[in-house]
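Per-chain numbering from 1; labels A, B, C and D assigned in written order.
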């Protein structure tokens, strides 16, 4: 059972990487590129078959290990 | 118009981060965790409204900049 | 007097060290070339120095490889002009496809700074011939130095004798202990270790001088 | 436009009390604010006071004590009070340096907290016009087994490394230790050393009425709002609400800012320049105006922002990183823009210098701040907080006996291994730092002693082609807990010993005084004792304090940290070819240089801590100043004569641990026999594992041995005794105890941050 966990910076937190990519591509002529946000995506494969349990476990993993609550938020999605 | 571009290492390339996460969680007792894949996710916001154009541009950005064809693959998705 | 172009990207930070090494070791004053230049000045060879061009954002070397100056550097190399890329410069070379393969995050996932020993592989370029049989002590300092290439690519590198340096002790998980490779024509060298930092025994080693010497010998 | 800024509602009551509390402003301070304003302040103005009068910016609890530091000396060019201190190295060549804490932010978000700490101290140094050439970091974490320690260590080190490596400044030395008192409050102290020409030192003055105020660097977001007041706050683990104020560092922008700043200063394009550090735009504008005795008009609508709907309050107090405030003559604006564009940096005119002596801030058609500068910068509150001497820990001999007995019960071999693990191999830390970039590094963390940098400069005196700059940072918090005064003196001494052991002469220090809650009279007493200890040591060694930083309120849930006056020292040597490492890799005879008859002691020792002895117990022996000075001179002479192969000052775990570590990383065993050394000890355990003032383990070049012994015989206060050898053997033997070398290596290398 696979889940996707996307971990991204909270809206207000500076994303220097996204900014650098956007600015550099802008200078290279990609004027249509208005913004770039960078985040991380994890795909976890979990044993067992009960979807609810799986989702709970994926959420726990995201919360306790993958995301930094100080600056990041996460979203879990069944694949 | 926003697109998600997910970039990840090719299967045959060692992903030390995924492996480290899995090992750490395994040691901590998360036995149900069979595998972890890590990838980078970019959300690009593009000016203009023609979906096809947007998708073509997002793909071009992914192909020319965001992914390295030697070691990575990518997927583009409209958000 | 050899004319060497030293390319500077925003975030390059070993440019001054390279200039100092060339000055102290060979009394050469390189010409600085800013990344926005579309044409190279009249030079005999090009150095792409180490550092964190564009903050290493996206992938190290990726954004720099699209700089205007890189089109000119590619042109230069296509005509047989000698180029050396060190550390981030090597990453720029692979990202620009001027050298095969890719440099990935170290297997340890950590930045590593230490002296390493480099073993020169056999081959027919100036680099191979002038350095073969020596081990060179040269420092590495990088977070993304794990050389990777697919099996066919590796086979080609070996068949064509494009591998120049191997680590005696692999610090980053590089495939086949690869620390430095050269283009098929032997003119473009990329290496992770920093020969500009190994130019005086007081700084830990002067084995880098022979590497610079070999670079100069590609065109002198 | 309103004639005065919109006043807050200060009707006495719970709401108003809460507003004051949130701003950490006392009722008395508020009365003072009313007087300064001559009316009720606006919320933005209250924010300004809160930031400017925070402990962090105003040093209100510490100022009365810091006056006692010796700050003037023949080589001191700029003392405390500027962005960083300056000391002369040779001719016109000067070193600029400062240490700063980023403790609280690093505990909350270790990676970004540590990274932005490095960024901040770098800016302090380069905004004086100096090129940074070295970073150091001094770290304190909770006990090794505490659940948060490993996480904090890993991320702090990564944050420091990623930032410094990217900017391209080598991290050449540091210091780390673990103690339960830091369980809820780690310390991250970062230091930067730069080089400058004496006549080109730049100060942050907003002079010249009509000159433009320029904003340079990253756009402003809500980062770290209230950060300046947060650093003055004792946070409780129950309340993590402040977690949203994380500042994110961007070392790439920092590198551009560094190059751009040095370029515009070199071209004489700016008149005043200041980093927007703690309390961002507020402190930089008030401080720049204050130093020049001028006023400023600031138009917040012009400030580049990266998020929407920011209030004036937020814009004034944001601590977004990698920003600078500059003052320039209007005529220089076009050229300035050209330079900054090359470095891809945004710059904007946001105001001008006025002759009003006041700061006026406008935003969205309103006057938000109208405050006089001088009363806020110069007349900030200053407290002589009550102090109560602590009851000291009694007799050292009681501790000596207790440790001896406990050690023998546990087994001396076991204790030694435990101490080796505790002070284990720091390679896991320093290998993550680029230590060679800049091609000046002769000795760094890898060689275990003070760092030595080879400074070749056109500004130095002729004949100084091999000039060396040495630097080291340290503090022993266990000593400070036993005796806050001698402990602090020891921190200065230990840095001086390390620098002398490498062959250098100490020049000056910076400090980072990390203490607990100053409202606790015993903590305040610790602090005052610390200042006196540092001053005494500086006077004894003829070095001065040229810069520093105070970090108070290092406490969690009512528990204050051990007093930790971190000392960063800079020294020099004539010829780096004579620099002496603290490690040695070959079979060699060892000698102990030590004050004759000096006592080994267990009070505050590593052994005592391992054996669970109460850390406040005991007493530190008096510091033998004459002997210390004589030994340092002797070492410098021996180094200059090229007699020393290696030299290591005796530290944690006493002579045995020091000698073991001298060869362990190179796979060497040891035989150590202290029977010919002139050490006072009641037991063998104390002799070998007890700690000692002013001692060094060293190895001599064989052809210089006879000469060295001869000159040592003439020493008045010190003895040089043969004490055994480093040898390619499988065992470590001392005082009748024996440890398997491989076991020791394994224990040591499990080390730190693997």
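Assume contacts are C-beta pairs under 8 Å (C-beta built on N, C-alpha and C of every residue); 3 or more make two chains touch, one makes a residue touch a chain.
Just so it is clear, the model here is predicted, and its values are computed rather than measured.
Student: Comparing A-D against A-C, which pair counts more contacting C-beta pairs?
Tutor: Between A-C and A-D, the larger count of C-beta pairs in contact belongs to A-D.
Student: Take the average of all CA coordinates in chain A, do the same for chain B, and state the distance between these two points in whole angstrom.
Tutor: 10
Student: As a quick test, compute the distance in whole Å between the mean CA positions of chain B and chain D.
Tutor: 41
Student: For chain A versus chain D, what separation do you get between their C-alpha means, in angstrom?
Tutor: Chain centres of chain A and chain D, defined by C-alpha means, are spaced 36 Å apart.
Student: Can you list every residue of chain D that touches 2 or more other chains, as numbers and ranges?
Tutor: If we look for residues of chain D contacting two or more partner chains, we find 250, 252-253, 344.
Student: Spell out, as numbers or ranges, the residues of chain A touching 2 or more other chains.
Tutor: Touching at least two other chains: 16, 20-21.
Student: Can you tell me which residues of chain C touch two or more of the remaining chains?
Tutor: Only 54-55, 57-58, 63, 66 qualify.
Student: Let me know each pair of chains that touch one another.
Tutor: The set of touching chain pairs is A-B, A-C, A-D, B-C, C-D.
Student: For chain A, which residues count as touching chain B in their complex?
Tutor: Those residues of chain A that touch chain B are 6, 8, 18, 21, 25, 30-48, 57, 61, 65-66.
Student: Name, in rising order, each residue of chain B that touches chain C in their complex.
Tutor: So the residues of chain B touching chain C come out as 9, 12-14, 16-17, 20, 64-66, 68, 70-71.
Student: Using the touch definition up top, name the residues of chain C that touch chain B in the complex.
Tutor: It is residues 58-59, 62-63, 66, 94-95, 100-102, 104-109, 148-150, 173 of chain C that touch chain B.
Student: Which positions of chain D touch chain A when the two form their complex?
Tutor: 108-109, 112, 218, 221-223, 243-244, 246-250, 252-253, 306-307, 320-321, 344
Student: Please give the residue numbers of chain D that touch chain C in the complex, ascending.
Tutor: 158, 161-162, 165-168, 250-253, 255-256, 342-344, 430-442, 446, 454, 576-577
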